[in-house]
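One chain, subunit A, appears in both complexes that follow, with subunit B as partner in the first and subunit C in the second.
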Partner chain A sequence: MDISMAVGLMLGLLGLGAGIAMIAGIGPGIGEGNAVAKACEAIGRQPESKSDVTSTLIMGCAIAETTGLYALIVAILLIFVAPGSFVGLLKDTVNALK
Partner chain B sequence: MSGMDPAVRKETGYIALWVILLSVMMEAVFLIIRKWDLSVLLGNLGSAAAATLNFFLLAWTVSKALDKEQPKQAAQRVRATASLRLIGLGAVCALLIGVAHTNVYATLIPLLFPRIALAFRPMKDRNRAPAAAEEEGSDLID
Partner chain C sequence: MTEAAAPDVKSTRFRMTDYGYIAMMVLPLLACMALKVLFTPETEGVHIAGAMIYLEIPAPVMPLIISESQVNSWAVIISILGLCLYLTHGLTAKAVCKRQLAAEWIVEKCRKLVHDNMGDYFSAWGPFIAAIMGLSAFSSLSCLIGLYAPTGDVNVTAGWAILVFFLIMHYKFRGGLWNYFIGLFKPIPIFGPINLIGEIATPVSMAFRHYGNVLSGAVISALIGPALGGLSKLVLGWLPGVLGDIPFLRIGLPAVLSIYFDVFSGLMQAFIFAMLTMLNVSGAVPWDDWNAKKEKRRQRKMKTEKTAA
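Then we have the complex of A and B:
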C-alpha cells in the first residue's frame, strides 16, 4: 500500500467517523418532541400554568439540544482538524520506517 | 414578532447577555496566550450569533408548538425543526471554518456558551426565590 492510498483511506475513515458522530444529533430532536407533547397535555389540563411550563420547557429543550451540539463539534473537528494532524503523523511514521 | 411569548424574549435576552460576556472572556484568553488575530474575532462573532439565533429559534418553536391543540402535532413540529436547526448550525460552522478560514477553536467554543449560561441559571432563580417568597408573605399579612 503506498502512502497516497493510506492517506485516502484515513480521510475516508475520518469522514465516516464524522457521519457516525452525527447520529447523536437525532436523539435530542426525539427527546424535545416528547417533552413538548407532554407539556401540551399538561397545559391542556392546567391552562393557567402555561407561562411557567413554557419557560421551564425552553430551558429543558436547550439542555437536551447540547448533546446534538457535542456531536456536531466532534464531527467538525474530525473533518477540519483531524486530517491535518493524522496525515502528518502517518507521513512521519512512514518516513521513520524507511 | 408582536405575538411572541414574553418568555421567549426574556430567555433569549438572558442567553445573549451570557454569550456576549463569555465571548469577551474568550477573546481575552486568546489575547493572553498570544494567539489572537482577526480569524479568532470573526469566528467568535459568527459562531456566537449563530448560537444565539439557534436558541431563539428553539424557544420560538417551542412556544409556537405549545399553542397547538394536538400534542402529536406539537412533537412533530419540534422534531422537524430540531434537525433543521442542527443542519443550519453545522452549515454555518463549515462555512466559517472552510470558506472564511476562521480559527477552528474560536468558532466551535461559542456554540457551547448557551449551555454554560444555562448552568448558571439556578443561581439567578435562587436569588429571585427568596424575594418572591417575601413578597408573597407581605401580601398575606396585608
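Then we have the complex of A and C:
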C-alpha cells in the first residue's frame, strides 16, 4: 500500500475520531438546559432572589461544561496535535518494515 | 494620628508620575504586539496554531522554551502592576482623586467576596484571590488587542492550578499526614484509588476548564472570519466590479461573536477559577482533626511545663 494513502486514511480517521469525541457536547447541553429551566422556575417563584439564583446558575453551568470541554480538548488534540506525531510514527514504522 | 498631606493633583510631578504609570500599563502590551508582528511567519488563509516560540535556551534535560504565552503573561503582569500603582497613586484619608474611589471599590468588593465564600479564618486571602482573578481576566482580555491570550495555553493555566493544588494540599495536611492518608480510605478501603484520582482531578479540571474555554473561543473566532468571507463571496459575488470582492458579511459579525467568546467567556472563567480556588482551599481544612491536634499539642506542652516546674 502506498504511504500517502495510509497517511490520508489516518488523517481521515483522526478527523472522524474528533467528530465522535464531540458527541460528548450533548451531555452538558442537556444538563445546562435543565439547570436554566429550574433557575427560571426559581426566579418565577421568588423574583427577589434573582441575583443569587443567577450567580449560582452561572457557576453551576460553568462546572457542568467541564465534560464538554474535555471532549473539546480531545478533539483539538486529535486534529492539531496527533497528526504531527502520528505521521512521523507511521513513516518510521514503514521504513523499519522495509 | 498624622494625616498624610493631600497631594497636589495639578502639580507637574504628580502628572509626570501618572504618565509614567500609564506608560507602564500600555508599553508592555505594545512591545508584545511588536514582537508578535516580528515573529509571525507569512501565511494565507485560515491559520490556527499554538503559542509561537520566541527563544529556546539550551538546558541539560530539555531546552528551556520562552513562548509567546509566557512573554504575554509577563506583559500582563507588568501592566496590572502599572494599573494598581496608577489607581493607588495619591491615596488620602479623604478621597481627592476619582481613581481612589475605584480602588476602594475593588478592594471592598474583593474582601467581601472572599469573606463570604471562605469564612473568617481565610478573610486575609483577598489580595491573592484578587491577583488570580485580575491576572486571569486581563490575560483573557489581551486577545482583544490581537495578542495570543496566555490563558489559551494549557501550560499557563496548569501552572496556576498547580499553585492552587499545593495550597489545597497544605491545608489538607493541617490535620496531620496520617489522618489525611486514613481519610483517603474512609468509607471502604476500595475507595482509596478513586479518592486519589479525585485529589489529582481537581487541578487538572481547573486547568482544562479555563484553557478549553479560552482556546475554543479563539479557534471559533479564527474559523468564523474566513467562513463568513467565503459565504459573502458566494452570496454577494454577483455585485459588479470591486463591490463583489469586498466581504461584506465579515464586517461587524465576528465582533458580535467575539463579545461572547472573548469578553464574556474570559471574564466568566476568571471568576470561576477564583471561585473554585476559594471553595477548594476553604473546604480543604479538616477542622476536627486540626483542633484535636492543637488540643493534644497544648496538653503536651502543659505537661512538659509541669514536669519542668
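Operating definition for what follows: the second predicted complex is superposed on the first by the 98 of 98 C-alpha atoms of A that agree within 3 Å, B and C clash if a C-alpha of one lies under 4 Å from a C-alpha of the other, contacts with A are read in each partner's own complex, and residues count from 1 in each chain.
The rule is simple: contacts are C-beta pairs under 8 Å (C-beta built on N, C-alpha and C of every residue); 3 or more make two chains touch, one makes a residue touch a chain.
Note that the structure is a prediction, hence the values are computed from the model and not measured.
Once subunit A is used to superpose the two complexes, subunit B occupies space that clashes with subunit C. When the two complexes are overlaid on their common chain A, residue A:I3 makes contact with neither subunit B nor subunit C. When both complexes are overlaid on chain A, the residue A:L77 reaches subunit B alone and has no touch with subunit C.
After overlaying the two complexes on the shared chain, residue contacts for A:K50 are found with subunit B alone; subunit C is out of touch.
Within the superposed three-chain model, A:I58 lies in touch with subunit B and with subunit C [touch as defined at top]. Of the two partner chains, subunit B is the only one that A:G25 touches; subunit C does not reach it. After superposition on the shared chain, subunit A has more residues touched by B, the comparison being subunit B against subunit C.
By the touch criterion defined above, A:N34 reaches subunit B but does not reach subunit C.
Within the three-chain overlay, subunit B meets subunit C in a clash at only one of the listed stretches 1-9, 19-27 or 73-81, and that stretch is 19-27. The intersection of subunit A residues touching subunit B with those touching subunit C, taken from the two complexes, comprises 58-59, 62-63, 65-66, 69, 72-73, 76, 80. Residue ranges of subunit B in contact with subunit A, taken from their complex: 5-8, 10-11, 15, 54-55, 58-59, 62-63, 65-66, 68-72, 74-80, 82-83, 86, 89-90, 93-94, 97-98, 104, 108, 111-112, 114-115, 118, 121.
By the touch rule above, subunit A contacts subunit B in their complex via residues 25-26, 28-30, 32-34, 36-41, 43-44, 50-51, 53-55, 57-59, 61-63, 65-66, 68-69, 72-73, 75-77, 79-81.
Against subunit C, in their complex, subunit A makes its touches with residues 58-59, 62-63, 65-66, 69-70, 72-73, 76, 80.
Those residues of subunit C whose C-beta lies close enough to touch subunit A in the complex are 48, 50, 205, 208-209, 211-213, 215-216, 219, 268-269, 272, 275.
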